[in-house]
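Structure, as structure tokens:
For clarity, chains are labelled A, B, C, D, E and F in written order, and residue numbers in each chain start from 1.
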């Protein structure tokens, strides 16, 4: 049976556990299995361009080592996405690509919620590189520190506040969670904003299953 | 159990049968069922803007009548996509949106194969409306008449010829089949071009399953 | 003598009467006559994508039936514009295309006033399809209900308030009235904003006369 | 009675005479009169950026001196268009802006025929400045010298040849004559190409009449 | 020894003196000399499109007369840039082109500070013509009158206030001084905003030296 | 005295020697010294996205170790550009950013010559990320193998052939050498094409000197 490997490129196991729960609805009898792993060689969190770039080598080594049939890189900066595609002749899906393109099918004006203010310039470069920048009406940071982020209620309330600014001030009609680990807040956020909210890892797993089931050819280099 | 309804908006049953076969790999035990139907009130083929616009009313009536949990509109012009979303508060996926956005994750420069030369201007308007036009490097018609299209070998050979022009002359590194009924040729085309080829109906079903499984909220009007 | 038929695709006769008054300055001795009609089969108002799409069939039937020399579709969503061009080999002008392109010649940054908030996403798709989206700096709804809209002073005051927001907050230097029936407010709005204001039906009639007088060839399909 | 002044900014009287004939169909009893004049201080032809820029001062002086109610600057480089708008508080229409925006309403992919190869880079800058560049699929020069251009048959045949390249190779579905003096060839070109062809001066006069008849406010500076 | 001529196209000598001081750090032993001159035939200040266009003829005459090896046109509207390039077969650098492109290498989202509100529409046209408009997140005027501008502290404080709006409200991460004469405020502004600030004349001189030292070929006409 | 460090991120010393010669004209008495080094930890050549990403860590380590005042990353893929800017609070210039933005000031339509066909998709992503993609009319590979590239005459002739295709078929009016090591061919190529040709390393050194001399603040993170 085919397997999709979801790689959390940071070394924080709790994030991986969250991914594992988040993708559960896509586990079908007869469908590909979905295994979520932690890249032990990764940093505790991917917060800078340095983190993004430095993790590519260990990430590609891990991908080369594993025998899975498709890979999801579960960090919203899509670290090493194109390098990984050079590493294995199998489907490799980045959660930013998956999340942003899914959002294009759910609304006209995309709002993005980042964890950190300092990630926004990096994301803008990536949105332009993908050709989706003209569809993005705003990106706003959650602006919570690590302690605050560990409190579920604080985080959920803050996501709703930021989401409301994207919807009401920036005009967003679809929201993308700009991070791998916020899936658990998606339903509450959709409910509060009355607006579709995309979890990029869930979008990526959907894309990976589609590519696997149809035995789609990976991009030629 | 949830059901995805794939609607062929033209009245040609053979096309619907082709869709039914094309999406089979996405039927999982425990997953949503996928039912493909023919819109009897539709035209024999959707070939003009008139065909696209005139089919919206019967299509929306059918969608309102059905009790499925999600809908795929299986025509590359995405007829009635936004009207259908006003009709039911359930996921509605258009195969053009699904196919073009999936292609964005598989290559940098998208080539599209249309059936008819006269469809290309209509597609261009839609690509611009979606914001993917800058990713499209070319669209070329198959240029076969109905009799020729009924011959599998002629059609396959012609698809390969047109695909080669998109890859070699226009620089495409991913191909989208700009029609609902060409899935059967996808593997041969990928093989011949050594390039990923997207069947938009397959992409759409993948998207619909993802939205259903995660109980994603449809866009608010 | 040539005739331009201005079709109000909704069934509200008062709107048609307003159009008839609005285009009067373009009636010249020796020029084309301009006749304004109501599409009795249309809805009372065109307010949704469903309304836009569903009206195409009766609209095209009417255009096929009439013997006029050119047609103006007088609804800001340009319903059936391209289908109508397939229906008759005569000039067909949509008021959105006419209004937005005229605005491109009057200012650098276009602001649009919509009647309904829910129309804005639909307009954005159309602006992108036309390739004018990068020239649009904002679209804001009037936000009045039907009773309020029936009061001239309330409507005029509200248009001025919304126009000021477009000019002062969004930076617009030309305004487009995003509706077929607001021409009577154009002079007061221009005066108050000290900024050119485009009535799209007036722009469309100017374009239709130009195409008729020069016997311009309609687009080939 | 209102008057539109069409200014040929080069000093070649034969060009002005051609403009005068070209706009005749827009002379209506009761409509604005249309007077075509030659800018005696202009160069024999406007062929370079220097020509474009140097003619602005005498052109604005002439516009300031004249008492007409609206002005058309009849050179495809729109020399002095924005300076003229600072000079008089009356409508000023440039034929490039008028021709390109009219073309946006007649087709999806605009092809432009320039007289000189060296004008193309200048036009591209202007198309980008207007925001229409993404709608332009090609611009090709006529490539005839002055003697050849003086022969009607040679010119017409060459325009048809170049137009065919724009339609067949570049995919244009509407053509703009990128020059003030080619209106006489418009009907033959439309006929041969089976594609709409825009004469920009004719488009500009239509726009000027529209702005005059509706007493539209010129742009505020 | 090669010479770069920096031309202040307005007739205000104090501005030229400011330029002369601003570019001093680029005077190297063995490098090109940098001479700053005042265009006596220019207006006191370049504030309108008329000013921009009218100055081209005297500016090109001066460039043709001078024997320098490269030219910098030191006005943020780049008056006569392309005409000057037709005038001499030597490098001609415009400070807007130089400043905006340098900013593209220093940040992702460019904010521009203009002197006058009325210049902004003119700058937008130019940004679009250059293809940098999508990188510009805002342009705001200083909004000081001549007397106020003559007071250094008032001007510096106001620049900082406006720069803060660009950074905090518009999201700019690099600032361009949209004027030839504000270099003296650059260090204080960078310090206060903690953001790179580009003086366009300094950028232009850097570009001119580069083109001279490598004997780069000017653009062919 | 200030120092600019030009880092060749591949380990081929001959390339570094070429860079050293290429930038010599920018060494001024009293100006910054320019030192060119080889990254011994880099690959023999940077030919894939893997090469680009994997070199970031050793490159940033080297930058952190060196005490130079500004850095130039001399590989056309700008590996680690943004990571390096997080590593040191000093100017860091990438040769792609420098070369492409300089080209924007030298022509309207940029043509790029790549070494390898497989680099083009990677470059396109970067051009889009920078916002220059709409200015690029074509990129074509040299298509020589390592042995052929080692022959100067073969390489020069091939560059001229490829450059001619960019100019004559794609319409380029400025050429960028899409590689760090081709500066020696720049003069011959300019001569043959009668078109400006940008060597990106030379452009980058010019930019670095400008930023150093004016003590410009590096971007804040």
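Throughout what follows, contacts are C-beta pairs under 8 Å (C-beta built on N, C-alpha and C of every residue); 3 or more make two chains touch, one makes a residue touch a chain.
All values reported here derive from a predicted model rather than from experimental measurement.
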Contacts shared by subunit B with subunit C include exactly A, D
Between subunit B and subunit E, the fewest touch steps amount to 2
Rounded to the nearest 5 degrees, the rotation mapping the CA atoms of subunit B onto those of subunit F is 120
Residue numbers at the subunit D-subunit E contact, same meaning over half shared and different meaning under half, come out as same
So, in whole Å, the Cα centroid of subunit D is separated from that of subunit F by 42
Between subunit C and subunit F, the Cα-mean centres are separated in Å by 51
In whole angstrom, the CA-centroid distance of subunit A from subunit F equals 32
Where subunit A touches two or more other chains simultaneously, the residues are 107, 125, 128, 130-131, 134, 173
Contact graph of the chains (line, ring, star, complete, other): other
Per the touch criterion, the pairs are A-B, A-C, A-E, A-F, B-C, B-D, B-F, C-D, C-E, D-E, D-F, E-F
Interface with subunit B, subunit F side, in the complex: residues 120-121, 124-125, 128, 133-134
In their shared complex, subunit E is touched by residues of subunit F numbered 25-26, 28-31, 93-94, 97-98, 101-102, 104-107, 130-132, 134-135, 173-174, 186-187, 190-191, 194-199, 202-203, 205-207, 209-210, 213-220
Listed in rising order, subunit E residues that touch subunit D in their complex are 48-50, 52-54, 56-57, 60, 80, 82-83, 85-87, 118, 122, 125-126, 128-131, 221
In the complex, the residues of subunit A that touch subunit C are 107-109, 134, 171, 173
